[in-house]
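Letters A, B, C, D, E and F name the chains as they come in the text, with residue numbers starting at 1 for each one.
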Amino acid sequence: MSFLFGGRPQISSEQKIAQAEAEIDMVSDMYTRLVQSCSKKCIDNSYREADLNKGESVCLDRCVAKFFEVNVKVSEKMQGEAQNKSGGMFNM
Amino acid sequence: MSFLFGGRPQISSEQKIAQAEAEIDMVSDMYTRLVQSCSKKCIDNSYREADLNKGESVCLDRCVAKFFEVNVKVSEKMQGEAQNKSGGMFNM
Amino acid sequence: MSFLFGGRPQISSEQKIAQAEAEIDMVSDMYTRLVQSCSKKCIDNSYREADLNKGESVCLDRCVAKFFEVNVKVSEKMQGEAQNKSGGMFNM
Amino acid sequence: MDALTPAEQRELEGRMQKKQMKEFMNMYSNLVQRCFDDCINGFESKSLTSREESCVMRCVDKHMKGSQRLGDRFQEQNAAMAASGGLSGR
Amino acid sequence: MDALTPAEQRELEGRMQKKQMKEFMNMYSNLVQRCFDDCINGFESKSLTSREESCVMRCVDKHMKGSQRLGDRFQEQNAAMAASGGLSGR
Amino acid sequence: MDALTPAEQRELEGRMQKKQMKEFMNMYSNLVQRCFDDCINGFESKSLTSREESCVMRCVDKHMKGSQRLGDRFQEQNAAMAASGGLSGR
């Protein structure tokens, strides 16, 4: 997500670490949300069996792929927006 | 929310900053929750169009007004409670 | 939850405090989740009356007991798993 | 777990104070959001109807009593578990 | 509340910058999750269908416009409330 | 992004350890709450029924296997994306 973290020139050591930390936090947050969303969509909550069945397993695999694809699409779209208007939609 | 942040006498510089920080956090948390609640109540999740339609726009505007009004009512009620009994309901 | 916090030998003062802090955070997080889950399961959200009625009160009491029991079962199960395989399911 | 020295105890209490403030604010915000979500369902006007307002008042009352009760039970269970050496092990 | 001195003001702003970054990332992640949850419902293949993809694009557009609008209204209300001495008291 | 020096790398790892602990605890709590919400639906008594207890056990098992699988796929995708220079840009 270079539009989030990219390109400030001449940054201090503390800033470099904070930036790396922010990227890791972002990835970890994405993983947490992916687990929430994909578990909800793929795992039958009557829990008749302790193992993942074939259907659940395949669903989870595809769910991860689709979640990444959505992430890429949204990221590309927002980079596009950010280039069109400087200023931005998310200022509070 | 003076009942939350009000009136400690003689506070240090660090405490003043922490208090201002807490107020900003509170406002920002309210905004996050308002976005969650009002998006859910007002935005049709079939996404047939990319723009907000008239109905959604009006709903969002009124939703903000009502959210603030609820916030004020709850705050007033809790200030009232806090004055009646010292001690309080939220101690864990 | 000794499997989470237990047994590192020779720890520094900062580590001791951080460990105590982590235990308190864990208990406090559990309480927050218990309030969410038990309120949802036991409190009628039409709010026809301001007081808890008899049914709601009894439900809340039993809900706390069951929530603790689930917590114990899950904790025991995970301690068992952790002993069987070293390594673990939650590495990311 | 090893017991904390008095100095460590004081340090821990200092850290806890900030958290309690945060938790109180979080509970307050939860209450606002919960009662808004449950009681407000029409957006024909920008003011609360009297029906919505009284729903909010009862909602706040009921949930404050509910968390009071849950907190009491929680502490009892927690104390019982600590006494029996339960989750925190040993 | 007492006014902050310029030095305190600068310290506060420094702390706020980190939070703004976090909030932006949180909003971004919310948007991804929300549009994924609302638009993706079949798992017959591992790629998005064109129908799902255009749903996601419209979802992002609509929610960005929505939060823009909510943010504007929120600031107006907040300013009005501060002017009338509302929630923050005094 | 610029590469970190070994000293910066160590500092980063230190900060990450605390977070991993937090994340593990968060995942644990999520599991407790999720299985409680899905398996416990009657409050006629204050003890778990045997039916509820075995539901909880299967629930924990299934979700641990689920997050294991999701974690594996996530890392594969993440590695593939890093290799192709994907989201983290350049």
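Basically, a contact is a pair of C-beta atoms (placed from the backbone, for glycine too) under 8 Å apart; a residue touches a chain by one contact, two chains touch by 3 or more.
To keep track of the chains, here are their UniProt names: A, B, C = Mitochondrial intermembrane space translocase subunit Tim10; D, E, F = Mitochondrial import inner membrane translocase subunit tim9.
Computed from a predicted structure; not experimentally measured.
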How short can a path of touching chains from subunit C to subunit E be, counted in steps? 3
Trace the shortest chain of touching neighbours from subunit B to subunit E and give its length in steps. 1
Comparing centres built from CA atoms, which chain ends up most distant from subunit F? B
Measuring centre to centre with CA averages, how many angstrom lie between subunit D and subunit F? 25
Taking each chain's mean CA coordinate, subunit A and subunit B are separated, in whole Å, by 27
CA centroid of subunit C to CA centroid of subunit F, Å: 16
Check: subunit C positions touching at least 2 other chains come out as 25, 28, 31, 42, 61, 63, 65, 71, 92
Among the residues of subunit D, which are close enough to touch at least two other chains? 23, 26, 39, 57, 65, 67, 71, 74
If each chain is a dot and touching chains are joined, what shape do you get: line, ring, star, complete or other? ring
Listed round the ring from subunit C, going first to subunit D, the chains are C, D, B, E, A, F
With touch defined as at the start, can you tell me which subunit C residues reach subunit D in the complex? 1-3, 5-6, 11, 13, 16-17, 19-21, 23-25, 27-28, 31-32, 34-35, 38-39, 42-43, 45, 47-52, 56-57, 60-61, 63-65, 68, 71-72, 75
Note which residues of subunit C are touching subunit F in the complex, please. 4, 18, 22, 25-26, 29-30, 33, 36-37, 40-42, 58-59, 61-63, 65-67, 69-71, 73-74, 77-78, 81, 89-92
Would you mind writing out the residues of subunit F in touch with subunit C in their complex? 18, 21-29, 31-33, 35-37, 39-41, 43-48, 52-53, 56-57, 60, 64-65, 67-68, 71, 74-75
Subunit B contact footprint on subunit E (complex, rising order): 1-2, 4-5, 8, 11-12, 15-16, 19, 23, 26, 34, 38-39, 55, 57-59, 61-63, 65-67, 69-71, 73-74, 77-78, 81, 86-90
